[in-house]
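Below is a structure I'd like to ask you about.
For clarity, chains are labelled A, B, C, D, E, F, G and H in written order, and residue numbers in each chain start from 1.
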Amino acid sequence: TDAAQDESANTCSPVMAAFKVFQQELDVKHDKYERLVKLSRDITIESKRTIFLLHRVTSVPDTTEILKEADTKLDGVRQKIGQIAEELRGEDIYQFHRAYTPGIQEYVEAVSFLHYIRQRSLISLEEINARLVFMRSEKDVAESAGAQVLTFQVTPSDYLLGVADLTGELMRMCISSVGNGDIDTPFQLSQFLRQIHDGFSYIGNTGPYEVSKKLHTLRQSLGKVEDACYTLRVRGSEIPKHMLADVFSSRTALIDPEEGVV
Amino acid sequence: MSVTEMFGYIQGFLDADQETREDIRKVVQILEQTAREILTVLQSVHQPSGFKEIPNKCAKARELFCTVRTHIADLKTKFPMEQYYRFHEHWRFVLQRSVFLAAFVVYLESEALVTREEVAKILGIEVVRERGFHLDVEDYLAGVLIMASELSRLAVNSVTAGDYNRPLRISNFINELDSGFRLLNLKNDPLRKRYDGLKYDVKKIEEVVYDLSIRGLAKESESGGGK
Amino acid sequence: MSVTEMFGYIQGFLDADQETREDIRKVVQILEQTAREILTVLQSVHQPSGFKEIPNKCAKARELFCTVRTHIADLKTKFPMEQYYRFHEHWRFVLQRSVFLAAFVVYLESEALVTREEVAKILGIEVVRERGFHLDVEDYLAGVLIMASELSRLAVNSVTAGDYNRPLRISNFINELDSGFRLLNLKNDPLRKRYDGLKYDVKKIEEVVYDLSIRGLAKESESGGGK
Amino acid sequence: MSVTEMFGYIQGFLDADQETREDIRKVVQILEQTAREILTVLQSVHQPSGFKEIPNKCAKARELFCTVRTHIADLKTKFPMEQYYRFHEHWRFVLQRSVFLAAFVVYLESEALVTREEVAKILGIEVVRERGFHLDVEDYLAGVLIMASELSRLAVNSVTAGDYNRPLRISNFINELDSGFRLLNLKNDPLRKRYDGLKYDVKKIEEVVYDLSIRGLAKESESGGGK
Amino acid sequence: MSVTEMFGYIQGFLDADQETREDIRKVVQILEQTAREILTVLQSVHQPSGFKEIPNKCAKARELFCTVRTHIADLKTKFPMEQYYRFHEHWRFVLQRSVFLAAFVVYLESEALVTREEVAKILGIEVVRERGFHLDVEDYLAGVLIMASELSRLAVNSVTAGDYNRPLRISNFINELDSGFRLLNLKNDPLRKRYDGLKYDVKKIEEVVYDLSIRGLAKESESGGGK
Amino acid sequence: TDAAQDESANTCSPVMAAFKVFQQELDVKHDKYERLVKLSRDITIESKRTIFLLHRVTSVPDTTEILKEADTKLDGVRQKIGQIAEELRGEDIYQFHRAYTPGIQEYVEAVSFLHYIRQRSLISLEEINARLVFMRSEKDVAESAGAQVLTFQVTPSDYLLGVADLTGELMRMCISSVGNGDIDTPFQLSQFLRQIHDGFSYIGNTGPYEVSKKLHTLRQSLGKVEDACYTLRVRGSEIPKHMLADVFSSRTALIDPEEGVV
Amino acid sequence: MSVTEMFGYIQGFLDADQETREDIRKVVQILEQTAREILTVLQSVHQPSGFKEIPNKCAKARELFCTVRTHIADLKTKFPMEQYYRFHEHWRFVLQRSVFLAAFVVYLESEALVTREEVAKILGIEVVRERGFHLDVEDYLAGVLIMASELSRLAVNSVTAGDYNRPLRISNFINELDSGFRLLNLKNDPLRKRYDGLKYDVKKIEEVVYDLSIRGLAKESESGGGK
Amino acid sequence: MSVTEMFGYIQGFLDADQETREDIRKVVQILEQTAREILTVLQSVHQPSGFKEIPNKCAKARELFCTVRTHIADLKTKFPMEQYYRFHEHWRFVLQRSVFLAAFVVYLESEALVTREEVAKILGIEVVRERGFHLDVEDYLAGVLIMASELSRLAVNSVTAGDYNRPLRISNFINELDSGFRLLNLKNDPLRKRYDGLKYDVKKIEEVVYDLSIRGLAKESESGGGK
């Protein structure tokens, strides 16, 4: 038994041999995990940048340029997601899910924001996933012929969490729109946000825990948007007329406030 | 009785308890689902288009309360009635939500405060503890306070929808509610905290009325509005 | 004295202390009840109809302050006067509320800031510590800050009630108060936190005045306004 | 019924509830005092000199349990029995402490685990819920676990007092208890947490026995010891 | 697809997920029960009388592992295999406990470290992820660390039982284990935390060996010891 | 009303005048509070130093020197407490209690530790207070003749809290004693600590909140001391004899373990 | 050096650190006092009467910044410069306030955004870390954001004071600032949170501009401006 | 400089900071790896066979410290030296571990306490802050305390290895260390907590010495020592 204590001898004991295998396995796994975290962080940063960029649409007359630039940025993000898919090839994706979920959620947020700005509707999970199909590069194909296509599937949870965060951006967009004198957008946004809010309250606490946590923020965002629409309505209700000192005498002549908004 | 026997015997108790809780949880889960459905129906009143449909929506909600009553009836069968408070925490949340929903429907229908008796009837439960599964005063009040906060939202959205009359009526209603609560001697409990939120609702609605007043939009309601 | 004796001796102190606190708690609870009643009386000034009745309501509040004085007189008998600060926490909250109520009444009556001496008189207590149950500067100031927040609400509701003059007067009053507070060297204590809230009140009132100005509604007050 | 009337009516409920709680709190406070006295009596067994006096101390504790029974009888009169679980939290702590004390007395007297029935009798309460103020299984188990931790302390102090025999008997007893608990399917609740502590007690006592064994001090007990 | 449809669609996913989790939880609960039974069987080795019965107890434990295998087989049917890590948290705890139990049995039988392959076989699962429900390296290592702590307890109790040889063998075994773990690059995860506990086990066992050495009791084992 | 806005005019408004008085009053109070905090901090530091010093008694043969030095240090502390009493003259002491309570508790801890080392008993509240009677300096007396004596009263709560902390020091002393081969002290300490422990559990949760918080630590300390005594007892039970390999054959000859300890 | 000597020596270090912190705290307190005085001077610009006196007030504030510089110069002497980040938290708050004040003065004087270099000069500190006590980017930005919120208040009060021109200029300025911040990639830190508040300032100012536009007041002021 | 330019410029700063932290983290990770390797080398001194090889192992550790110096040299290049405290938390843990390892090597070689100067030299860093990347007093002391605990373990294992002399020498060394620490006036910080652990190390070692004394083994070893 004394020999087992000896370090040099130790190295050839079955225990040490087994642990060297474990070391290998753990390191491989950790390294992959780290790479995924890094990719996720890059995706997050680039998605956030896209969102920042998209907020500029409220302050410029022509949005084409911005939307094009956002497309390009998101293409880059999708390439990164392709790298994630590459890393996950043959893996149990849930094993590494925690490593890349923040990035994916942020991507969902960015891509659904862009979609909303273009289409004024909620992008579906299918639509998102449809754009996450990747062709393998030549080199890889050479190695193992056959499956040339690689897909990445956003989970419903990540989709939900991304959409929950989207509402925050929509709220910001609404506030900025008001700030920039855009009248239509806030009302459209409040309608849309209310639908999402109702959707989330329909799901309630049956979804993942993180969703319930975000419900409060979502409700606050909705409140802010509703307040903004309210403000627009009451301010819009006033007649564009110089010096309103005499407004009370001509009160009966008030036009239908509904018109003031359009 | 040996220690082993005794612990085996005790395990029986614990199992039964756990099973009861499991049963209760299941019914409560379904109940929450129904409550969420009613909420979805009622939330449409915040839509500009939803204002005309209020009677419609209330009717639909009333129908869904049938389901609520069925589920609560089912819940009652899951435990001996004298142990109501043992399992109270399990349904407290959904019960308060249901009170809120009932109170909201009644307000939308008649602009009046639902009484505890009415709520109990809508939910198919008792007011008096001794009679069976009942509605605690605290839970009733909590539900009413949730409604108050929903009404402050409604006041805002009414204006957006072009209804300048409703906020004034809501303001009066909320003020009355506030006076009522001021009669109560609340302890430092969750209810007290919720009540502190009422102040913000009152203020919020007052600001809506202010905005309408300063623009001369509130006047027209004086003639037509009010109860 | 043995360890056991020593602990018995200390236990005596602790028991006496707890009894005193129990006594104080009871009186304080009644005091809170009365304070809530005064608040209910004064709340009506926020109603459009309440504006004409301000003198009336103030008189009624003044009456209720008699009851406050009786309860405080009772409170004084519950502990040795030189240990005021030992039990301060028990009545601090209600005392600040009472200062607020007294300050609010005085403001409504005369649009002036109640002095510490006046509050003390209204509550039947002393200003100087050595003389007996007294009013701490901090508690006085805290009460004044609660009033400031009530005044921002009053400014809003004045407009609703059609009184476009009052908000400007409130604005001047609050600004003076703000300057006063800026003289103070507040530590990072609850008072400081409360004072931080004053900024929001100032801002809110400024916005009301703005709303009146831009609509030319503030003008008319310039001629008629002032005290 | 107006809102004001309704809230006045509700206040009645709240007052009654608060009063009940106040009453319960008072009795519970006295009960805690008595429990602490029993504890003081029993703690002397940890003194080196206290070992011979165990029977004496147990007798004295038994007497004090009379007072416990009186107080609990008083407690029962303070609320309707079917609301046991409504107020459970008020007495839960002292009830578990009392179970511990009863279990400790019984162990010291007979080195056996007190049954739930025995505890109930010592405390003058019921085992079966339907019969009245009863002892919940969870509370019984919690009390037993507190005793386990006290026994590990006793094992240590026995050695200090020169009694090398007792730790072995305690070790056997605790092991049996541990096996018993392992039969139970505990939820992730406070009881589970407490049970996790039992492992440390088991280990601690094993180390005491180890220390005695390696020095040949445990042997002598083998002949004389055991139950 | 409208927003409402989209949420309905997602709700479908969530419902299915919750159902799967419910199913898994049920099987896991039964598995935990079986694991506790195996533990009870193996616990007896810590008893002085239990030392001779080790082979016996191991055999009995081996039998119970059949039941474990059945339950795990059942568990496998509850979810798609490639989603192992999606639900990992549900069985992680019980799986690590089972590894511990298997490792303990193997150690008791042969004083050797169970390999991952052996554990997998005992539990009826795979080593390689691609093959099906498998045993994670981390879970395997966590189970081994739980055993290490059990072995430090065994070293203590061996001495009590008069077996002065076993602690030295355990000490060698644990030291080898410690060296193995030091090869690993553990992140700041639960496994790392658990590994930090190994230090205490190592130290405890070293102290037992020390106690034997200083009394010359370790000598005799040198001649007779080993396997 | 416009005049009130003017800053220069502002300064003579009644409101500003009143606030200047408040400023004065608050500053005076804060300054006193700060001075008391400073005194308390000094007292804490010096008391802690005394305690550190006193721990040396377990490692030296003659303790006279140390005890004398501790006396001197505590005299200095008492002088500081005299300064507190001076500050509190004519005040409601509870108004500033929070400022100096940490220092006083630490002093109670130090003085009761010294007392225990000398007398092996618990110092009483009276004994502590009896030493906190101060003669006023000449100068002060000149100002206001009459009351020449100034007293400081430690409150029962501060006494309790100081004693609760004392138990931690007693535990440390016990561990050090074991470490230094002192056999008697640990047993005396365990007896004494048990009495204090029983005292505190008698008081239970009827005392101030901070006491209940310290009960857990107290129980731990007691456990450590009991463990130490236990260790002494079991180790002391062994015969001082070379090579104990044959101990099991002569087991019956074991002397009464009670004697091994003395 | 003996162990004792070494430890005596080490104690010196520890004492010095505590003393340094004490010294820093004192200077920071005085600095806060001066900052409050500057604020009081600048606050008057919100008063209707204050608008004409802006140059005056700015001059007075500039004078007080001399005192700020003196205090900061004093602060620098309290610790070795390379330990800036060791004590950063102590002065962070007051530094950000001072940046705000400097930025506000500069804006009032020239309606331009103060650069980091200018602020550094006004406060008598460095921009480049290597040169000495410097201004961190984050602290500079935080100060700028505080000013933005002050400007939204100024826009409101400008209207009250009859200056319909200023809000438009503020609006342009704030929009530019907002665009600038959009370029930054802020982490989720306190600065990001503060930045989120900027949107509300932008919105508030835009509402003022909107109010002026619909009344044709914005145009009018473009040509003539002021009263 | 336009606002846009300025903000672009600022963004550069923010990015640089994040990058610096990333760089530091990477080097620290490698440093931790090396520290673990040194520990593995030194751990073998606890093995019975390891005692003769102490010089050998120390030499090997000394070699590995070269790598440590290289990594720290690398670390220094990652950030400007005057920002040491800005990033201190990143390397604090590994630095304390390295101090421990250096102190342990020095003790094993010469049975003396390593000075701060020596540690600094071994790690290739400075003692004086002004000179560059330095060793804080607190970090030095923390490392020394980790070593104390390792020495108590060594004392135990010395006996097992038959070296009855070493524990006495360790005892003297630790006592001196303890006296040193008693000179310090530690605040209630992590260091104080660590220091409290020293007493248990002292106690453990004294118990070993006591065990040796009562067996006359301490004397015997004084003359001959070792096996």
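The rule is simple: a residue touches a chain if its C-beta (ideal position, glycine included) is under 8 Å from a C-beta of that chain, and two chains touch if they have at least 3 such contacts.
Since the model is a prediction, treat every value here as computed from it, not as a measurement.
Least step count on the touch graph, chain B to chain C: 1. Taking each chain's centre as the mean of its C-alpha atoms, the one that lies farthest from the centre of chain C is E.
Interface of chain D with chain E: the two copies contact each other largely through different residue positions, with under half of all numbers used appearing on both sides. When the contact pairs of B-C are set against those of B-D, D-E or G-H, over half line up by residue number only for D-E.
Chain E and chain H have CA centres that are 34 Å apart. Rounded to whole angstrom, the centroid-to-centroid distance between chain A and chain F, based on C-alpha atoms, equals 58 Å. Here the CA centre of chain B is 49 Å from the CA centre of chain E. Under the contact definition stated at the top, the residues of chain H that touch 2 or more other chains are 47, 179, 185, 211, 215, 217. Residues of chain F in contact with at least two other chains: 5, 7, 198, 202, 206, 238, 243-244, 247.
Against chain F, in their complex, chain C makes its touches with residues 1-4, 6-7, 9-11, 13-15, 18, 82-86, 88, 113, 115-116, 129-130, 137-138, 141, 168-169, 172, 175-177, 179-181, 183-187, 225-226.
Note for the complex: chain H touches chain E at residues 33, 36, 39-40, 43, 46-47, 153, 156-157, 159-160, 162, 208, 211-212, 215, 217. Chain contact summary for the complex, chain B toward chain C: residues 175, 178-179, 182-183, 185, 203, 206-207, 209-210, 213-214, 218.
Interface residues of chain A, counted against chain G in their complex, comprise 45, 48-49, 52, 55-56, 59, 172, 175-176, 178-181, 228, 231, 235, 238-244. Partner chain D is touched in their complex by these residues of chain F: 187, 190-191, 194, 197-198, 201-202, 204-206, 223, 226-227, 229-230, 233-234, 237-238, 247-248, 251, 254, 257-258.
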